[in-house]
């Protein structure tokens, strides 16, 4: 449902993506692994249109979205949860959610239904509904960033290192949330440093090295392939 | 050369372009080379003008040398003042502060009528040209033109030396990446202060020349819009090239002459539109555009 | 030492001009906060608002219709300017937007001179009548302006706090990139904010019209003060610029008890310099963490 073909991207003069090609099928959870600085986050940003590709194509549900403006990409059904979370610090939790909720064609009832869903899965957010985003703890901000993305009712979520800097207990919560997302039929492209977590939740995994995709495998196979894991991820 | 070929009007025109070109060059040192957008050049220019006026009114007989000295001194003092306050600020805050400073001077000059003539300014006689070894002779439009050409030419050479010197290189490094330059170990503030001082002195020199040419000093020239026009010369001509701003000044005045025929005193409407269009489409200015066209 | 009554009168004067300045400064600081643009042409939008107000007054005979009409017209003009001249400059050196808006201000100033001529025009006060303030006959209209300006600012604040578009604007101001990723059409939010800023400036111009003559240079003086209060209040900080507007205007009003009004403006310059020296992020901004 989402395909990248030979995407090359630059930050100024620096060539960061060298012909990246990958695919995510409907309802799949796909992991994107690799060492630091290898271009994983940039790949997500390129899909979002935040870093326009120099060459290559990005196709989403049969539609060429290469270099489309980010707000259009979001409205087509691709949601982004960035590495730094980036909650709107001065907006309340509710207003943060509303940035995704107030869309054209969404009835008041559906909005309330979406909010109720969020309250069920993220009870702590409901408690802090009228608090400013910047006052939340790291884990709560991560929850908010994910919940906010869900407000767009996306068909694929681009998750960038959701467990970074979180306590083990919260890592488990993130894992549960990924499972919930998968059950609702949303596809996920998961960028992570946490290899065991990724192998546990993903269907397939890509490994990147120096700006290109070097290896592709089913998660279950890769979990047993210690050579590959050691070679690409140094774990 | 020029006085022999061109009628009187064009002589004066060229002289004016040279003077404004000098002002634009001084501004380019800050904007184009150091990356500091100053809206305060009208203050330096104005104080050079009033300094010269003071010398020419106070001393009998009026002396060109005294006018130069006092004008440069006045401009230098103002530049030192601005430099002290403004160089600690970055970007927009620097620009707004220089704007405010030029307005402070405008208000002072405008309201201190006893000393500065207030709204009406000061008028005085032209000093004679007194070169060492020769008897003083009155300035004619032709000799004035030569004098201005000589001074502006020398100023250009001096500024060129400065920009190509190690000092000039550091200024450009500051423009490119100030934190990095500071990290390498350069006392960035000191370089900036010197840049503002130099820039102010040359702007003051232009003010002195203007006073001598036109025989009056008026507060209008200290108003911040004049600073804005100088920035226009810089941008239209090409920042960071020294010659560019002079070309920009020439272009501006030519446009003004040409467009005044159709638009009378509203020539700034089409000129302003051209300027905005240039900022959007040809930001490197005339010179940059010509350079690219020639390289093809 | 002038008597207490004069202080009170000047306080009222200061509040009145402070509110008008606040209306102009609000637009300026909003525009800067959301798109890092220092809008040099803001004073001209104020001035054109006043002129369009005079025309509309002649056409409709109603001050209030003129107020609404001028604000709408100039608001649209602002939006057009943003789309045509400022959008292409997105992502470039901020210097270019300063230059572009400066060029636009020159064009607008001379356009006004051309269209309306050099003779100042007058907008008659919509509400005449005075009340006794000590020995002075104080015009009711001045109080009305202050209240109206406050109302407009209050309406702006409400709009920003509630409502879908208010959230869009605040989100875009805080994190442009993330706002886009949430589907917010950021380029249009920029246009909208510029238009709103222009409309506020125009409204301010019409309200201010009866106090002074409407002339093509009235924007120049104001833009300088507006910049000063925006910096003193903290750039991008709406509440700060409003407080700073009132604060500086009152200081100036008090100063004019001793010096001429032309010289009293130095007060605002001093305020700016002190702010930049000691508290550069803004006097009314909580110390950054």
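We just call them A, B and C in the order they show up, numbering each chain from 1.
Keep in mind that, in the parts below, a contact is a pair of C-beta atoms (placed from the backbone, for glycine too) under 8 Å apart; a residue touches a chain by one contact, two chains touch by 3 or more.
As the structure is a prediction and not an experimental result, all values here were calculated from the model.
Colleague: Count the C-beta contact pairs for B-C and for A-C, then tell me which is higher.
Modeller: By the number of C-beta pairs in contact, the winner is B-C.
Colleague: Report the chain ID whose CA centroid sits closest to the centroid of the full protein CA set.
Modeller: Of the chains present, the most centrally placed is C.
Colleague: Quick one: point me to the chain whose Cα centre is farthest from that of chain C.
Modeller: Greatest centre separation from chain C goes to chain A.
Colleague: Counting in whole Å, what is the centre-to-centre distance of chain A and chain B, each centre being its mean C-alpha position?
Modeller: Averaging C-alpha atoms per chain gives centres 55 Å apart.
Colleague: Cα centroid separation between chain B and chain C, in whole Å?
Modeller: Computed from C-alpha means, the inter-chain centre distance equals 32 Å.
Colleague: Counting only Cα atoms for the centres, state how far chain A is from chain C in Å.
Modeller: Comparing mean C-alpha positions, chain C is 42 Å from chain A.
Colleague: Within their complex, state which residues of chain C touch chain A.
Modeller: The contact residues of chain C facing chain A are 164, 167-168, 170-171, 174-175, 177-187.
Colleague: Using the touch definition up top, name the residues of chain B that touch chain C in the complex.
Modeller: Per the stated touch rule, the residues are 37, 85, 89, 91-93, 95-97, 99-101, 103-104, 107, 110-111, 224-225, 228, 231-232, 235, 265-266, 268-269, 271-273, 275-276, 279-280, 283.
Colleague: Give every residue of chain C touching chain B within the complex, in rising order.
Modeller: It comes out as residues 38, 85, 88-89, 92, 94-96, 98-100, 102-104, 106-107, 109-111, 113-114, 220, 224, 227-228, 231, 235, 260, 262-263, 265-266, 269, 272-273, 276-277, 280.
Colleague: Touching chain C in the complex: which residues of chain A?
Modeller: 48, 50, 69-71, 74-75, 79-80, 82, 86, 88-91, 95, 98-100, 102-103, 148, 152
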